[in-house]
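Below you'll find a set of structures to go through.
Next come two complexes built around chain A: one with chain B, the other with chain C.
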Partner chain A sequence: MFNASVSFHDVLFMLRGAGVTLLLTFWAVVGGTTLGVLFGLLRASAPGWPSFALGAVLDVFRSVPLLIQIILVNAFAPILGFDVSAFTIACIVLAVYGAAYCTEIVRASVLAVPQPTRRAARSLGLTWADDLTAIVFPIALRVGLPGWIGLALGLMKDSALVLWIGVIELLRSSQIVVTRTQQPLLVLGIAGAIYFLISFPIARAGAWFERRWQDQ
Partner chain B sequence: MNYSFHWRPVFQVMPEMLAGCLVTVEIAALSTVIGVAIGVALALGRTGGNRAAAAFALAWIEFGRNTPGLFQIYLVYFGLGSFGLHLNSYAALTAGIAFNNASYLAETFRGGLRAIPSTQTRAARSLGMSAPLAFRLIMLPQLFRIVYYPMVNQMILSVLMTALGLTVGLDTDLAGVTQHFNVLTYRTFEYFSVAAALYYLIAKAMMLTSRVVAWRLFRY
Partner chain C sequence: MIEIEDVHKSFGALEVLKGVSMTVARGEVVSVIGGSGSGKSTLLMCINGLEPIDAGRVVVDGVDVHARATDINRLRRRIGIVFQQWNAFPHLTVLENVMLAPRKVLGKSRAEAEAIATDRLSHVGLKDKLVAYPSRLSGGQQQRMAIARALAMSPDYMLFDEVTSALDPQLVGEVLDTMRMLSSEGMTMVVVTHEMRFARDVSDRVAFFHRGRIHEIGPPEQVIGNPQRPETADFLKSVR
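Here is the complex of A and B:
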């Protein structure tokens, strides 16, 4: 079963796929966090219906399968006349998908900062921006970081779905190797090990942070 | 933009797509039920005294949570062939999602079990119930009440995960049916935007149903 005709070059090819996975994750996390912080602050501070409307729009991205979103954007970009690569489309979809989740994390974290604390800051003469950076940010970070780490790892795992539109990331590259070597269990095992090695240490670090900050 | 949208072919196959919705809900429900059963077992295994069971449960949970769901479906569909086990895409998809569900739900259940006061079990035991009976009659109902909403959430995530059936060639669920008609006409945007709307409606309907059920079940 394990007579390996999987060569060193195949593993190298898969590692290059893992690099693409990490690159996808990077752009998705950067884009998703930027948009998410923006929308989250908006949702936490905007009154009534604008906040609700933004929430409802972002909820659509969390209620439609990511694969369908990827297919839709991939089909819609050429209709609009954009000539963009599959990689760019993948990054955009993942970033918006990430932003939909990140918004809720940021909103919940900002709302977890006690209102009297913020009022005290303002009455001591801190500006709105000071309050946000010196008071809200450090407190909200502790509430939101574990969830944010979970989101980043989720995006890393969800980036596998972009193989459908032809981005050769880790899972697609291992599929290519499987097609060539006919050793699905071994090759997928290697791919799984790579995913696990990326995800597990970060997940553990997140859990450690969560425990440490809860104790205080 | 010189693209003319054609919606008529999509609405002509609406009955088939709605039938696909049923299959989607069926796979999601099936994989959630299996996932809940295995999840409870894993949570008990992890917290119980048996070292081997705890290690097995921990391995399952960490593997399930640290690799992509799509990878797990691939492993079931392509990987199990090495053991001579050839599942069709329906079974592979259901098994893959159930495996994924079980690992996430196990952690939810572990948290839920910890939230039940230990005095409950002790009271049940001192009333003469056997350990399994106390678990079934005292612990389980309280556990399911605590984890009800996370469980519903996991089921909705399962609905979204069923779209991955596309990648293993399933053509009876909503995504599969949509893809089937898509390759006949290549009206990709039209077909999949209707599919997206249907997925959204399924997710919302499930959420609403769960609220109603909770309101009926959890009132004193």
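Here is the complex of A and C:
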């Protein structure tokens, strides 16, 4: 059997894959959070059937395995006439999947802000928008941040699933190197280390904020 | 002047206010007493539009609180309210709690808002707590902070909803003293309270609330000292 050692070039190739993973994560988190905040606010502040319907739709994205969503969207996009790259499809599916979870985090965090606190803010003459930005968001952020960090890290790891539609991200590039070198343990070890290096700052940032807010 | 005219208010099938009328003149202190669930809190929240009403009118200095055309946020600047639960904004320091509304609502600069907040906090005896977070304050201190926060808007009226009910007994006095100070400065106040001594000593008039109606209103010597209605007498007996 052909056997080669892992070269510097291979590591560079994997780092390029890591770049794609980072980019996928970035768009998934940005898109998912933006939509999640909008949907979550809607769910928290406007009960009734639109909010209920939105919740039901988002439940679909939360309950169908991500891999199936990726493959289905990738298969149907060209049929429906969308001419987009696999990378774009990957970003969109991950973002919508992230939004489904983020919506619930935002909804629960906003509802965790005590109604009397909000009433006190309004009684001072603060407008609905002032109440949201000065009272609800900062308090909800403290409630929701741990869950949101978990979501961001989860999206980063789940982004590996898009290798199934041909996006060469970190895991796929690692597989390619494994096929060539036949050194799965070393290569996957390196890949795992890179995943860890990406996650670590995110997790630490979350812990830092939590510590800062502790004495409030 | 606050004019409350035949206000009706229901929560679903439950009619909480069944035609309440009273007026509060400038500089007057009116205490509202009455049993639990009689609608006292609801009435206060109808005065500054935190709760809508079903019928009747609330007019503050000629402005109809519940009229569609009324800018309610503008009106609320002039009506401070303090609740039973002190409702501090937990993510802001004591100083920032008090600065928030002057900055957001009155558009004051940071320096102006800080000056106002420092002044009001000193007034209620919290000058040494400016940079603390509310969670580090006692209940009495948090409640005084809530009073300072309302005062920072320089309101013409202050509404108090059982502001001492959630406090440990030894902390009640400091909050009542703060309210006494305000009344002696001429603040117009509507005070929902279970503190009969406070109601008797500080109020110009006392209103007895029972099942969504004012059963008796008059000077404290009458309503508390010599009640004219059997319901009032029964209530006073129950709280003594």
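Structural remarks
Keep in mind that, in the parts below, the second predicted complex is superposed on the first by the 198 of 216 C-alpha atoms of A that agree within 3 Å, B and C clash if a C-alpha of one lies under 4 Å from a C-alpha of the other, contacts with A are read in each partner's own complex, and residues count from 1 in each chain.
Everything that follows uses one rule, which is that a contact is a pair of C-beta atoms (placed from the backbone, for glycine too) under 8 Å apart; a residue touches a chain by one contact, two chains touch by 3 or more.
Only a predicted model underlies this, so the values are computations on that prediction, with no experimental measurement involved.
In the superposition on chain A, A:Pro138 makes contact with chain C only, not with chain B.
In the superposition on chain A, A:Phe76 makes contact with chain B only, while chain C stays out of contact range. With both structures placed on the common chain, the touch criterion links A:Ile68 to chain B but leaves chain C unconnected. Chain A is touched at more residues by one of its partners, and among chain B and chain C that partner is B. With the contact threshold set out at the top, not one residue of chain A is in contact with chain B in one structure and with chain C in the other.
Touching chain C in their complex are the following residues of chain A: 114, 116-117, 119-127, 130, 134-135, 138-139, 142, 213, 215-216. Across the complex, chain C meets chain A through its residues 48, 50, 73-74, 76-77, 80-81, 83, 85, 87-91, 100-101, 104-105, 133, 135, 146, 149-150, 153. Residues 1, 60, 63-69, 71-72, 74-76, 79-81, 153, 157-158, 160-161, 163-164, 171, 175, 178, 183-185, 188-189, 191-192, 195-196, 199-200, 203 of chain A touch chain B in their complex. Per the touch definition, chain B reaches chain A in the complex via residues 1, 3, 62-63, 65-71, 74-75, 78-79, 81-83, 156, 159-164, 166-167, 175, 188-189, 192-193, 195-196, 199-200, 203-204.
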